[in-house]
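In what follows, chain A forms one complex with chain B and a second complex with chain C.
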Partner chain A sequence: MEYKLNRDIHSLLDPRTKLLLLFTSSIFVIGTAGEKWMSVFYWILVFLPVVLLFVEKEWKAGLISIAIYIGSFFAQRALQHDLTMIESVFALMLFILTKILPTVILARYIVMTTKVSEFLTAMNKLHVTDKLTIPISVIFRFFPTVAEEYKSITDAMRMRGIEMGAKKAGEAIEYRMVPLIASCSLIGEELSAAAMTRGLDVGKKRSCIWKIKFGLFDWFIIIFCFACFIWWGIGRFFV
Partner chain B sequence: MEKSNRLNAKDLINVGIYTAICAVICCAVAMTGVIPIMMVLLVVFVPILTGIPYMLFLTKVKKFGMILILNVLMGILMWVTGMSFYALAVGTVSGLIAELIYRSGNYQSKWRGILAYAISGIYCWANYFGIFFNADAYFATRQKFGQDYIDAVTRMLPPWMCPVLLAVDIACGIIGGFIGTKVLKKHFEKAGIA
Partner chain C sequence: MIVFDNVCFSYKKGEESLSNINLKVDDGEVVLVCGPSGCGKSTLVRCVNGLIPHFYEGELKGKISVNDIDVSGSTLRQLSKKVGTVFQNPRSQFFNVDTTSELAFGCENFNMSPENIEESINRVVNKHDMSALMDRSIFKLSGGEKQKIACASIAVEPIEIIILDEPSANLDYKGICELQKMIEAWKEEGKTILIAEHRISYLFPYITRALLMEKGSIKKEFTSEEIRSLSKDELHGLGLRADDAKDPTKLQDNSETVIINKQIDDNCNTQNESNDDVKSREYYVLKNMKYSYKGEKPVFDIPEMKIPKGEIIAIVGENGAGKSTFLRCLCGMERRCRAKLDIDSETLNNRKRRQNIYMVMQDVNHQLFTDSVLEEVLISQDKEDKEEALRILDSLDLKEFADRHPLSLSGGQKQRVAVASAIASGRDIILFDEPTSGLDYYHMLQVSDILKSLKEKGRTVIIVTHDTELIERACTQTFLLK
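And then the complex of A and B:
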């Protein structure tokens, strides 16, 4: 961590733009609204997250995602004929993967490049109530923690010989869930104490060290997102 | 700390934590939906498994709005992960009802808590709306799963299953809530977490 007085936001996009992009992507890529009519926008939405990864110099993640895209493209070409049962399960997984992957990349990009304070300030500027933004920021902070805790608990249980088998399924679930929830709840207590010391409870307007405002690229993305919706509306209601 | 009815940061952080735990469990269970029969059984497993964190969450609820916020957030998460916006709409309404039920017991009654959990859990059922009310559009996006999958799912979900699933969901919610209270008593009360 370097301490210099640079108040410019450290990633390319404003948090609000990122959320708009995530929203658009979840509707048009996962929800596949518009189907063929939207295909140009669809492909832009699929590749934009990868471009963003490269902009943030995440070379490895970017290259891996491109590799997955290419691989799944050829795999889907290979699975065009009538499917057997096993093939259709495989096609299903592939389908889910290719649908969800762009949005997952985008979500990961957002989580990695947005500081919690930036997020809260941006949401505050949008006049979203604290009652939603604080839990949301906790959720985003918490997903990795839950995964990490779960991994170490599974290791511990394996050491005790409690496997996730068909026998004693109830026990296996209980012995995983209870420690997981207990430790998460303790971490939560610490988190609330930390939030208390930062004055989240004071009720005054909070200041933020980062300058949150829209830049040139933000406007590009915003115009693109609105274009998606307008083009979809034209296709839906006028054609 | 002074007693007030406004939600403070501690409450909101608690909501966030338990939403995250519930969402992770939901997500892990929902992954099994690729197998047709599991797709239907989701309505059984999700309420039973999320019962434990939810009942612990209810012990932390002392103010109006926490259950509602949890449900709205679950709905938003479902929407963003591409299930449907029905979950958000149904979740909001059911969250409000659950909130009122639990509040009528002054946020302490065990049975009202279980009932509140069962009611609030019906956002899980709402995810099937796409199949019942808008089947063509739903399967159009899943054409690639193969015709076998579509046949299997439609065969298991004729229109009359809609109310049945709701009943199953609520029943499993009550079972899940009951298991949750048992686990709570066995583990968490001793440890001083609940």
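And then the complex of A and C:
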């Protein structure tokens, strides 16, 4: 069968929309700007990343996220009394987790669904300088690389009997980081050499085979994000 | 046309790596640059793609010109319009995560119109029959598939010169066949090709001449006929590999070959014993060796398998036959595998096997954790014994490096450090995953000697490999995974 490139493959959202959403989520979920006044928007921002996971057919990750949400909701309810020392540490950790988790899910979604080339082009359309976008674009590739290396190193450690609860448990973390950093920096160097032999350079105009434009859902999200900021502004300055 | 005029180069730290290179390569030539590791062949090709002097810094004398561009006076970007490179390690040459974008990447950087890029991608993909590889994550591809994508992404660009820097190092037999097709297609298109390699016989049909390098200079030049007529011993004398790109699964040599059937048929023996004295040997018995990826057919399913003690056993098999997975299951790293290994009177489950079997991984960087070679050996011992550790290091010519950081050593030395800690661990079964990939003849011999010395120490060595020369030289028994 003859192969034909389909240039129209892309995820639901445009890279620019994803970044706007990430920015909004950081401010209102992690930063909890506006607090009670923003609670409707807050909950939408908490559940939107899970919806996006389901759109990408990431059923398992989506269900786990929901389970964590529900679990921490009840745990927090159960902890609303006078707390012992350990309970309050637990409550604090839980609080931080629920604040950070939605944004982490969103960030992971962005890394997994955005093509490097799309990202470069989208940033270029926003007139962000290459000096910033090219180093950032490497992140998309680096997360899976680190994960892959980490797994191999963990295997090697298990085989050599260095693991939690076995001998040298204390050094286990150091032992893990040394080879990880060494091999990641080597990959990083080889990667930049390879990219440069293929003409990647700062300040040069580049094209993109993927069609990048805002769709219906992009506008929904963009309007929603702006609504968040406007509503917050109203609460902050007029009420 | 590539012209080297009296070129000398030395890396920032270290001695001269190229001295007095004079070379002229005409358009459409296919030139092999060969020689043992460290002879300067990679340095030479880096001068053509501009990584020297623009990426790897050092002192460059003389003049290099590539299609009338002066290499020192231009930028990497200017050169990259003319020269494309396929690197040794497919792990680190992709900038993108999905294969399709990777194919388009070079052209996008040159701001070609998307329609032209699309046409070019369609042409290359259909020509090399790779539609199954498109729109995939590069992290889900095998080594051979990655190298094919790397070649294809060069083929999509409108370049004139192609550099291959040890492209076969991580390839098995099938991967090499794919690479050959790629080179053939480029040759037909009239591209100039420069290949740095020490595994050379697979290139014989394509090359117009071969340059032999030694200690940074071109020692000898062969025509294609001359190099083809060299005997195996002559090639070995030059430090080159002489495996004639044989298919290890069709190997018929003097070591006994045992065929293991991956799937159980109704009436087949899992093991054919051909030799009489086989029966007098002692065995480890591996049972219920079964592995499958989630929801898929088993990769292998071996009810029982006898592993002779104290031998060097090669496990060969076709691409994707699950050789590496087999090793991982054998040493107890795969939770989804529930195999049992009978050692003498004891039966080992996964956890016990992790404590009794040592694996030297293909990328040894992953298994060296500490900050000195000596420490690396000490932590493997049940009870730290410095004298014993030094003795082990001495037996592997590593004593002088005892205080060095393991990651500062060369590839071969790192591998020996891993072997040293395997010996120190006192484990009887030692596994090797592709111990000779990318090694030249001398280093392959070194590995083979290490394997033999392990056998002399009474250890059982099991290696997964596609290196037919290593199998012929070191292995006493071959298991074919079918």
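In this text, the second predicted complex is superposed on the first by the 190 of 239 C-alpha atoms of A that agree within 3 Å, B and C clash if a C-alpha of one lies under 4 Å from a C-alpha of the other, contacts with A are read in each partner's own complex, and residues count from 1 in each chain.
Heads up, the rule we're going with is that a contact is a pair of C-beta atoms (placed from the backbone, for glycine too) under 8 Å apart; a residue touches a chain by one contact, two chains touch by 3 or more.
Every value quoted in this text rests on a predicted model; they were computed, and no experiment measured them.
Once the two complexes are overlaid on the shared chain, A:T197 sits against chain C while remaining clear of chain B. In the superposed pair of complexes, A:S117 makes contact with chain C only, with no contact to chain B. Contact with neither chain B nor chain C is seen for A:L12 once the two complexes are overlaid on the shared chain.
In the superposed model, A:E148 makes contact with chain C only, not with chain B. By the touch criterion defined above, A:R206 reaches chain C but does not reach chain B. By the touch criterion defined above, A:R160 lies against chain C but remains apart from chain B after alignment on the C-alpha atoms of chain A. Of the two partner chains placed by the overlay, chain B and chain C both lie in contact with A:V178. Residues 137-138, 174, 178, 182, 186-187, 191-192, 195-196, 200-201 of chain A are contacted both by chain B in one complex and by chain C in the other. Chain A contributes residues 22-23, 26, 30-32, 35, 76, 79, 83, 85, 87-89, 91-96, 99-100, 103, 130-132, 134-139, 142-143, 146-147, 150, 173-174, 177-178, 180-182, 184-188, 191-192, 195-196, 200-201 to its touches with chain B in the complex.
Only residues 1-5, 7, 9, 115-117, 137-138, 140-141, 144-145, 148-149, 152-153, 155-162, 168, 171, 174-176, 178-179, 182-183, 186-187, 190-201, 204-210 of chain A touch chain C when the two sit together in their complex.
On the chain C side of its complex with chain A, the touching residues are 49-51, 54-56, 75-77, 79-81, 83-85, 87, 89, 91-98, 100-101, 104-114, 117-118, 121-122, 125-126, 130-131, 134-135, 137, 139, 153, 157, 328, 331-333, 354-355, 357-359, 361, 363, 365-371, 379-380, 407, 421, 425.
Only residues 7-10, 12-17, 19-21, 23-24, 34-35, 49, 52-53, 56, 65, 69-70, 72-73, 77, 79-82, 140-142, 144-146, 148-149, 183, 187-188, 191, 193 of chain B touch chain A when the two sit together in their complex.
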